[in-house]
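Alright, structures below, take your time with them.
Look for subunit A in each of the two complexes below; its partner is subunit B in the first and subunit C in the second.
Up next is the complex of A and B:
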């Protein structure tokens, strides 16, 4: 880019290029322009004019329309192209009379005319007018540069908040422009302490900073709550009420959230205002669609907000696809939309499931006529895999205390009204992570506590039959019953008692979970599962109590009081 | 072909206001401008004769147009209106009558040269 001096006051000391093939005309113009205190550059034809412009970057160009070698129209096109975003006014020197020729001068980039014979007063006025325009333009450019600078700062802050979560896991593919936050698009993914994963794609209304501003608290809440073990519903609820509170009316976030559970092979899907989420079945190649059933985030008041999601059984190799409306609404040069039909064709025609993601990007790009426009496409897909393929969650704690509390007991009882309304796990985990020796065990402790607590609540207090979970409609049915049972619960409670004490080396955590249910015949199932167990998912052994998993995670496991109470002990350091 | 009986009226040929302004503007460089204009005009007229002989209307139009511009700037008003006549003729695609106009332009240039030498050099 060619830069121009802009410091001088308007109309004073400009550098002005005069391009005219007639020597006497040049002499007259030069004299007029010099008299006004400007510096003069001369050219005798169009090519010379372009050369002079390249070398000396004049502020204003006075250009004869008819010249040999390269005429004025061609030369002004070349100069406007060289000037890029800088404003270089070109005034045509002409004795042209007919309207068509005058219009052609303007079309080729001319900004004004000056007719012969030259009038000194008029030329002076024109130069001053364009000089003012140049000063305004330069100020606009400065504001624009300042805005881009501020956007960079905002983006850096956003990147620090949003980092990349777990988007780099091998079972996730995503496409997001580096500056997408200023288009209002966000893609987030984070592991839960139990090994599961939460995936979010959001599309804020508007552009620029107003669209980006909501993404920061959203990401902060998403990462903070997900990694602490809050459920998807709780994350959605918090995001909605935060956005509702901070965003102005008319600014909100369309989005979709998907939770993947790699242990029991299921997904929960919530869609609010973005196009259908696709579930692609790896075996059959069929696509199941989840249409938007909710208003976008940040629209409803907290008490109106509905975070209910759909549950679906998945198998290894199944994939979910989340996207903003950018794909379906992308347009080709003939102004046609890409549309859902073309999108479905991509799924139907792509030979290998792993290639669908790239095929979508390629097809949209091809449709739009190439040239890197897939920069604006926001798309994320995640594949159901075994937990071993992506590893367990590393529980990151920013707690700085060394040692922490080592001998203490916490007892927390949740009664019927609290059981439906409060998830004790993040609170308890927060305390456990104060103990330095337990920090490396965070993921494991979370899973253990989650299993023990949900066993006590769902099978103990609510007396749900986990056999429901195995059918194709199973999870949905199961969670529906769970919800209904919780809502109508009139009596019952779950008590958590946690004790930590130091041992000669390290320490031990004793977790007791007691419920008011009727217990279960634990003795028959106290030992290892028989080798011949035909069930495909061994963790859903007795009534879904996941005893095998619990046993693996704890050093000691004891059932007491007819199965109404369970005690699990974890010692550290682990071998 | 000048009529030696009748003295040449300068106002019929030159715009003395424009020339006066140029004199003020250019000061010592003014005679240089007049010399430059006159020698350039000779070249332009030769070019006009050549295009009229070749008979291509568009070439005649461009040459006439270009010459018109510089004659306007020095206030050679009769010369520029002849150029304009030739330009308009050529624009309509005709060449008939262009020879006669070029002859009149040559005569007018001689007049202008004489007047300029007498009054401004």
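Up next is the complex of A and C:
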């Protein structure tokens, strides 16, 4: 709804203060002003003028420059200060003629001056002109107040949408100025059901509401899909196609996304249109850079978009740094840019890795000195830690159904074309989370299913050698092979069969995953391995099939049919 | 900052020359140039030899021009970029959409 200001016609019925110590001048002016239909207030010196202003808030002031007690210059300074952001035009009445004195009248806050003797026609015209200016000023102020109000509301909505993630975890540090959302910057982080984490930093083109508005659907998609277990590629694909669809041409989002896997200590990095993402090695202090390899989000049509990321092995204490161009492009009063060289110096010189984040902010601040910020300093960093340091994902379902389905079987077979194009885990997890008793086990079930499914797909159907995954090169190599094998897959399928049934107390979930591969010698993995595993995390490495983990997460684990089929059982409540 | 347009003799090409900072302030000017261009113009050349800097709004304007000139079928060349300008075009991978020379 648009409200129109109820503006009075300019120049009609104003309240005008006349301050003049000369009685005859006061009377002449009063007569002229009254005849034009205005209300008149009178003051005989500067102090009275200020008092009258405080009490009656006149619209325009006619002020004699030279007055006893307090002169006109002082009084006008006082009135301008009292008026704050309201426009109260002050017209000086003066017999002074020299340029310097007239200029002084304007410098002290006067808006115009009039020489004695008064000319009625000119005085009337000036009052009208200032009245128009007052009306325009008032309208601008209304618009400005309205805009601030709208931004406040928009920011509240945005905060509710955007701050539902996990930015408060101890291994994340971020800097985002309170109004940065209206500069189009956004930082998001969310846990995956398996305990992993997705981190996103984005920078929309433009400023103000148009830039902020795109961040909302982005945040919704990011949180929704990440917490349901969709992969980073799928999240990126969806964000890109959504932004492409809703944003006008020329508005897009530069950004970087990083997925951290705390189990197998790895990261995937996608950079589209923001400066290099840095990977800081805690041990050596070396920095590895990931340059932008993609167009920003929202530019390309869905079929052209490339969500491929780079894989990298991480160690505890390694950190990723994501930033918008605000840091590198910060300028000092001499208009020089902060630049990459200074940024690299911060990394080289900071004595403790935990202090790098703050050191960057301090150095940029120091560099900029008093110069204006033309872009916000948006920065986020996350550290590789053990999953125990940040805890597993707490799985909450907002659908408060009681009990849910307890007695059912689902069988889903994915054939070659679907295996490359579809991730069944979010779908299956959605069903599992309908079962009330399984909800607290969400993270664990996701991890279990993800491991069973990827073993069946990668080692069963695609026949990839898990031994490849040792070492940094091999890890990337492995994913490259996986991609190629998936693209050229002509035959093969994976079948998931899930059965849930109630027991006397609680219930049990039976998960069977069967593939069309040639099986594997599962006995080598010690099917009869003793229950007590001294160091579970050490047993987990890239090359194992995560069998130690799978065994820990399930109550029963059985390999069948020469390793082509596996059955895992989880019972609840877990003790 | 200024934007000026120089149509070529054969009437099929237009050179748009950018001077100074290429940012949101030139939005109106830039848009008017290509919207008023003759429909015979098939090739656009963005001459950056006097451009000192471009921001993300400028990237947005280039995308608008590309859309106007036929999207995937457009022919737009960006020439004479200084190091800063080239860096920004590289980071945003605009080489996938424009010919940067």
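As a convention for this text, the second predicted complex is superposed on the first by the 438 of 575 C-alpha atoms of A that agree within 3 Å, B and C clash if a C-alpha of one lies under 4 Å from a C-alpha of the other, contacts with A are read in each partner's own complex, and residues count from 1 in each chain.
The rule we apply is simple: contacts are C-beta pairs under 8 Å (C-beta built on N, C-alpha and C of every residue); 3 or more make two chains touch, one makes a residue touch a chain.
These numbers come from a predicted model, not from an experiment.
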Pick one for A:225: touches subunit B only (first), subunit C only (second), both, or neither.
neither
Requested in this report: Go through the superposed model and pick first if A:273 touches only subunit B, second if only subunit C, both, or neither.
Outcome: second
- prompt: Once the shared chain is lined up, is A:294 touching subunit B (first), subunit C (second), both, or neither of them?
  reply: second
| field | Which superposed partner A:251 touches (first subunit B, second subunit C, both, neither) | value | second
Message: Quick one: is A:206 in contact with subunit B, with subunit C, with both, or with neither? Answer first, second, both or neither.
response: second
Note: in the complex, subunit C contacts subunit A through residues 24, 56-57, 59-61, 63-64, 67, 90-94, 96-97
In the complex, the residues of subunit A that touch subunit B are 21-25, 27-28, 31-32, 35, 64, 66, 93-96, 116-118, 120
Contacts from subunit A onto subunit C in the complex sit at residues 203, 205-207, 249-252, 254, 272-275, 291-296, 299, 325
The residues of subunit B that touch subunit A in their complex are 15, 18, 21-22, 25-26, 29, 32-33, 36-37, 40, 62, 65-66, 68-70, 72-75
